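Below: a set of structures, written as structure tokens.
You will see subunit A twice below: alongside subunit B first, and alongside subunit C after that.
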Partner chain A sequence: MKLTFSAADELFREEVADWLNDNLTGEFAEVRYRGGPGDEHHFVTERKAWERRLAVGRWTCIGWPEQWGGRAASIEQQVIFHEEYARAGGPGRMGHIGDTLTGPTLLAFGSETQKATYLPPIRNGEVFWSQGYSEPGAGSDLAAIRSRAEFDEDAGQWKITGQKVWTSLAHESDYVFVLARIDRDSTRHHGLGFFLVALNQPGVTIRPITQLTGTAEFNEVYFDEAVCGPDDLVGAPGDGWKVAMGLLGFERGVSTLGQQMLFQTELDEIIRIAKVNGASRDPDIRQRIAEAHIGLKTMRYNSMRMLSGTEDGSLSREAMIYKLYWSSWHRNLGKLAMDVLGPDAELIENGPYDLNRLQSLFLFTRADTIYGGTNQIQRNLIAERALGMPKEPRGPAK
Partner chain B sequence: MNFTFTQDQLDFQDAVAAMLRSEVTADSIRARWSATDGTDRTFLKQAHDLGLSSMLVPEALGGLGLTTGDFILLAEACGEVALPEPIVESVMVVLPMLVDILDQGLGNSDVQRVIDGVLAGDLRVAVGHAINPCINYADSADWFVLSEGDNVYLLPREAVVLEAQTSVDPSRRLFLASFTTSAEYLVADGDAGANLLRASLNRGALATSAQLVGLSRSMVDQSVQYATDREQFGRSIGANQAVKHLLADVAVQIEYAKPVLYRAAYTVGVSPTRADFAVSHAKSAAARTALLASRHCIQVHGAMGYTWECDLQIWVKRAWALAREWGDQGFHNNRIHEWLLRKNALLGPEFTFGRGSLTDIAKSG
Partner chain C sequence: MKFAFTDEQRMLRDTSQAFLADTSSSRAVRMACASDRGFDDALWRRVCDDMYWQGILVPEENDGLGLGWVEMVIVLEAAGERLLTSPLFAVAQSAAALTQCPKTACRDALFGSILAGDIVALALSNPSSDWHCVDARVDTSEGVTHLSGEAGFVSCGYAAEHVLVAAQNADDTLSLWCINPSQEGVRIERTPTMDQTRPMAHLYMDAVTVSNEQCLLADANEWFNRTLALSRILTVADQVGIAQASLDISVAYTKERSQFDRTIASFQAIKHKAADMMLKVESARSLLYYAACTVDAWSVGQVNDEALLEAAYMASACASDAAFFNAGSGIQMHGGVGITEEYDIQLYFKRARATESFLGRPSDMRESLASQLLDGAAP
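Moving on to the complex of A and B:
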């Protein structure tokens, strides 16, 4: 059983903490604790500059092989990095998608040309990526994708037409990876391709989607014969689904573990306010603070258990239960935050819809149980894949 | 206790609900967000012409002389359309309070004048209470009922200083109100004042409970529609048990909240100062229902449910706000357990189910 990290890992932790402490100062002092969920639209320029600072310190893409500028960090070290990053108040990572999704996907499925073209600018904090999976008709049912890709023989380019939705920070990104249907007659997960597409081109229109927080981190992205080169298809035509699922495996992997430290800072903030405003004297609030702490510790121990089980560096099946657990816990934390604030929960301090951290926490955690696979989809996955139960019937209801 | 409503009550509710549904739409609510005073004046006139303002005022004072039980379904209907203007509070809290003041021979000549003005549709009155930090739509009020300690004051607009606040719910126009105490405006003090404030708290919590039940019902209706229209995996998402059960759970809570609400309405109608137990039960149940409805209905709407464009946000934000208004769940649950754990608490089946239970409860307060 693994309850602690090794001495070498603890040294690594110190190195991370020291570097962050030295560098989240001066021009970067103002981005501390900024740019997280609900705040992603703030300090974009500063946070892009911060990515370049991280790159100088070799703290971008630490899980990548050294050949591509990474540190080949172990899963333990990656978790430690995420933990210390959150503890130090490191700003929401503009480079998150490139670092943890595009990069690992290209390393696993990309050609040498694709790696050489796209990995260095991600590693150096110069190019930012977004994700083009969901469509208006393809949410939980991702295989219902209708965006089309066609190879224009004359121009020697792929042309992509369709609509993607819930594309995080597309308006601040340079590239998007797009899942699109190559074979017109194909259905479901057949006949798809995984494309690397520049956003700054005439065929792409980005429209922000305002959320109930009044802010717009998500976008609708319209492709009208948007182009990408012949080398920008990852894998073979028809391999799109395989690549896309491989990518989702990375998404549900290590990058989600470090967020527990962010959760800890949120719980700490709630406890601090409860002590100041007297909510901590309420027996119900006290019980719920204890429950929140218990839930967070439980997540932590389960993460350590997941790490214990990895001989080959990959995450075990216990990872499957994580999304359902953390999203439900986090949603409850949002409610606790509001009850600790009491009547102040309703009032916005700084004019129209400039929410404070806990209000953002509450409103954004309403979405935690939806994005990245709803709680209902997660339960189906656990029941059908982990427990081997019969699959839910699909197709028209009788 | 009779939980059925008369045909007259149901017909009137239908008429008002139909008017509300056609006049108070999601679009008209969004239009209020950018209107200077957040008010749809045409609608207010229509509501007044239907006789809403005067419903609970005794006939002798020029009203319709109906009871709280008569109005409770209409309060629910106002919640169902997420009506922004505080008509329910005006009918259920403000006017009964002013009438109480007159009945008890308290107050000054302003009281009668203000009641007449409201019945004529010329005046609006807002009420402040220590349990609510802010007053909704205070900027549209011509008169205010405010208190300090057990002293109750009826003040004209010019005697009150308002400070605007911003609510998470864009439909709510919140203000902090302050005033300089003056004998000129004092309408009640001592025990009489305390009783007025206690009755107002119960009336306010009841009014809010009814709206929370109405809000919940509408959220379920919207979600049933969405889950039927939205298709994934080749069929309506509502065909999946995991989705439809979310809404069934809310429907069950709503149906169980209703008898509690109607019973509280009865008790408030009979004796508003002795209705703490019934009202707290109703507010707690209604708030729990509405919070569950908000959570499950956003979930059923998926990513659409947390967009600004989706009208569901109008209802969930109101539910979040009203769940705290006139006492949050903690406050009301405390009133219940304090009542239950008293030395002389009236406990046991004869008081829960017995024929005399209501009068005993009313007497024991």
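Moving on to the complex of A and C:
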């Protein structure tokens, strides 16, 4: 059992740090520390340009095989990349979904044509993806999907009709992957298809959703006979659920340590303010700051165990608690920030509703415990999968 | 980076768990608690002769196993899981304390005693609520040195062959001594406690004459803080075991117990409680193994005292909360039978409570940590 990286990995770390240091300058200096969760709508053009810069340095899609332009980076190297990226203040990745979700899905389930068509532009930072899973009637109950896909024999195209919701940055993306029902008579996770759909077409309407922060990162996406080609179904008709669930397993938690570095900068800012405004003398605040520090370290070592776990990619017990842990911790941090600020927490310094970083943190962390599986759903999963307790009953309440 | 057990460590965990499943059953624990001795001497002999756990932290040059802290906490976690009632904790604590002392004849003799299965106890805690000041003094008059004062919560002290005791020198520094309970002026009494699975004693010293050879360390200030940290990490291992067992036996119970024509494990209110318990115990376990790795890195000079203390504060706060939360939630999940003497969850609940305040409360740990983070220096 050890907590240190190998000498080769430390060399890799230096390489990453040096490159970022050399490149997050000039035109990219202003995007440092920007575009993270709650701030994703800012500097979109600059962040797309940054993706192309990353691509030139071979720093997009580092986990992909070399054949497709990746580095076939090990788990350790991917962890290191994410850590150094966060340490350097690398901006929120516009290419995140293509890199970590679309790409690995196509590599695992896609045809050679799909790989050849879609992988290079993702790798080169030229095409951006968003995800189309949730629907108004399919949130926690994802299998309740109602969007439909029909193959139009005459046109030789798939036609998709329905509505997706909570699609991050759809208005800034080129493509969306969509889970839609092919077999009209099917229910639940049967009869679904996983489609690759261009967003810039007449059948697609995108409407931003204004959040409690006054900003809009999420969208509703309406499909009215939106089309995609016969080659744009991933896997066989009916395999949609299998493909979608496979996709959720790909990330393997390599970005968790990088995420924690962002959390650390937030906690550091709160500590700095507490020292300045005297909140650091309040016994309750002192306990809570210590608790936040412990929580962040706990996350780090939970992640280390998760990343050192099973080689086959199956989820370990530590992986199952990760989402519940970080989202609860982060939400508490938002409240701690407000309590450290005291009455000043209320003041808006600029514009009609231009929130500062900690105000955004406080408000937006309420979303953390909801998206990507609510805390309640996470607890169900932990109880059922890790502790072997009975599954939730389905169907109407009797 | 491989923050996971090696094959040898996994094997140690498996053999420890198997041995204790066999020897530290609910019945065995209850019999040990009810006995005059407070633990089972025959089992302690087996622990020493068959498992050699008393030798884990004793250095190889003193004929011990000289293993790392990960190995030590693996065994103590298994002990907590089975409510092991034994001098093992006291001896591990003393071995950890002695490894921080310079090589002296006294120290080497004590390592020898430990390996032979003697009980060596450590008196760190004072009877007041302020745990970080020591309530024993050193007086030297006419060339003769005496120890006077007292210390509370000495694990298995009443059964000890030797006791290590920290005392305040005239100049406000601390020193560390080894005394023999049969020495004149020494009185050690068993302390009646709510939790009976970790038997405790109170040490009284009335002008106990000590020789220079009995002095293990003349300036023990740093030793004291380090040893407190190490002792806390050993306690954390026990607490992780308590937290895990509380979760396991409670989930098992809810899968058996049926109400409204369903097992109560099928109710979301129960499932969500269990999920929270798992989150607590896995988090405490992560910090436990982080702390164990930190001790190993600290022993070879890779990290400083500050990092050692921080690891102990964090792990202790987290594991104390986890053990108490899990045992308390466990009683609730058991329903009515949870408050009966017959079911074991109450034993875990009491042990969780006892370990929670053993060397400082979780709130003390957080305050010490806050001091590191906010005040720029440890108290």
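By definition in this document, the second predicted complex is superposed on the first by the 384 of 398 C-alpha atoms of A that agree within 3 Å, B and C clash if a C-alpha of one lies under 4 Å from a C-alpha of the other, contacts with A are read in each partner's own complex, and residues count from 1 in each chain.
Convention: contacts are C-beta pairs under 8 Å (C-beta built on N, C-alpha and C of every residue); 3 or more make two chains touch, one makes a residue touch a chain.
Keep in mind that what you see is a predicted model, and the values were worked out from it rather than measured.
Engineer: Would you mind checking whether subunit B and subunit C clash or fit side by side on subunit A after the superposition?
Structural biologist: Once both complexes are aligned on subunit A, subunit B and subunit C fit side by side.
Engineer: Tell me which partner A:297 touches in the superposition: subunit B (first), subunit C (second), both or neither.
Structural biologist: So A:297 only meets subunit C here.
Engineer: I'd like to know which partner A:346 touches here: subunit B for first, subunit C for second, both or neither.
Structural biologist: After superposition on chain A, A:346 lies in contact with subunit B alone.
Engineer: Contacts for A:210 in the overlay, against subunit B (first) and subunit C (second): which applies, first, second, both or neither?
Structural biologist: In the superposition, A:210 touches subunit B alone.
Engineer: Between subunit B (first) and subunit C (second), which, if any, makes contact with A:188: first, second, both or neither?
Structural biologist: neither
Engineer: Which partner does A:376 contact after superposing on A: first (subunit B), second (subunit C), both, neither?
Structural biologist: The answer is both, since A:376 touches subunit B and subunit C.
Engineer: Applying the document's definition of touch, where does A:367 land relative to subunit B and subunit C: first, second, both, or neither?
Structural biologist: It touches subunit B, and subunit C stays clear.
Engineer: Applying the document's definition of touch, where does A:140 land relative to subunit B and subunit C: first, second, both, or neither?
Structural biologist: In the superposition, A:140 touches subunit B alone.
Engineer: Going by the contact rule set out at the top, does A:389 touch subunit B (first), subunit C (second), both, or neither?
Structural biologist: It touches subunit C, and subunit B stays clear.
Engineer: Quick check on the superposed pair: does A:272 touch subunit B, subunit C, both, or neither? Answer first, second, both or neither.
Structural biologist: In the superposition, A:272 contacts neither subunit B nor subunit C.
Engineer: Once superposed, minimum distance in angstrom between C-alpha atoms of subunit B and those of subunit C?
Structural biologist: 5
Engineer: By the touch definition above, which subunit A residues appear in both interfaces, subunit B in one complex and subunit C in the other?
Structural biologist: 376, 379-380, 392
Engineer: Provide the residue numbers of subunit A that touch subunit B in the complex, in ascending order.
Structural biologist: The touching residues are 134, 137, 139-141, 144, 165-166, 209-214, 218, 282, 284-285, 331, 338-339, 342-343, 345-348, 351-353, 355, 359, 363, 366-367, 369-371, 374-376, 379-380, 392, 394-397.
Engineer: Using the touch rule from the top, collect the residues of subunit C that touch subunit A in their complex.
Structural biologist: Going through subunit C, the ones touching subunit A are 1-6, 9, 70, 247, 251, 254-255, 262-263, 265-266, 268, 270-272, 274-276, 278-279, 282-283, 286-287, 289-290, 292-293, 297, 313-314, 317-318, 363, 365-367, 369-370, 373-375.
Engineer: For subunit A, which residues count as touching subunit C in their complex?
Structural biologist: Per the touch definition, subunit A meets subunit C at residues 1-6, 9, 76, 271, 274-275, 280, 283, 286-287, 289-291, 293-294, 297-298, 301-302, 304-305, 307-309, 317-318, 321, 324-325, 376, 378-380, 382-384, 386-390, 392-393.
Engineer: Quick one: in the complex, what on subunit B touches subunit A?
Structural biologist: 132-134, 165-169, 172, 174, 231-237, 239-240, 242-243, 295, 298-299, 302-303, 305-310, 313, 316-317, 320-321, 324, 328, 330, 333
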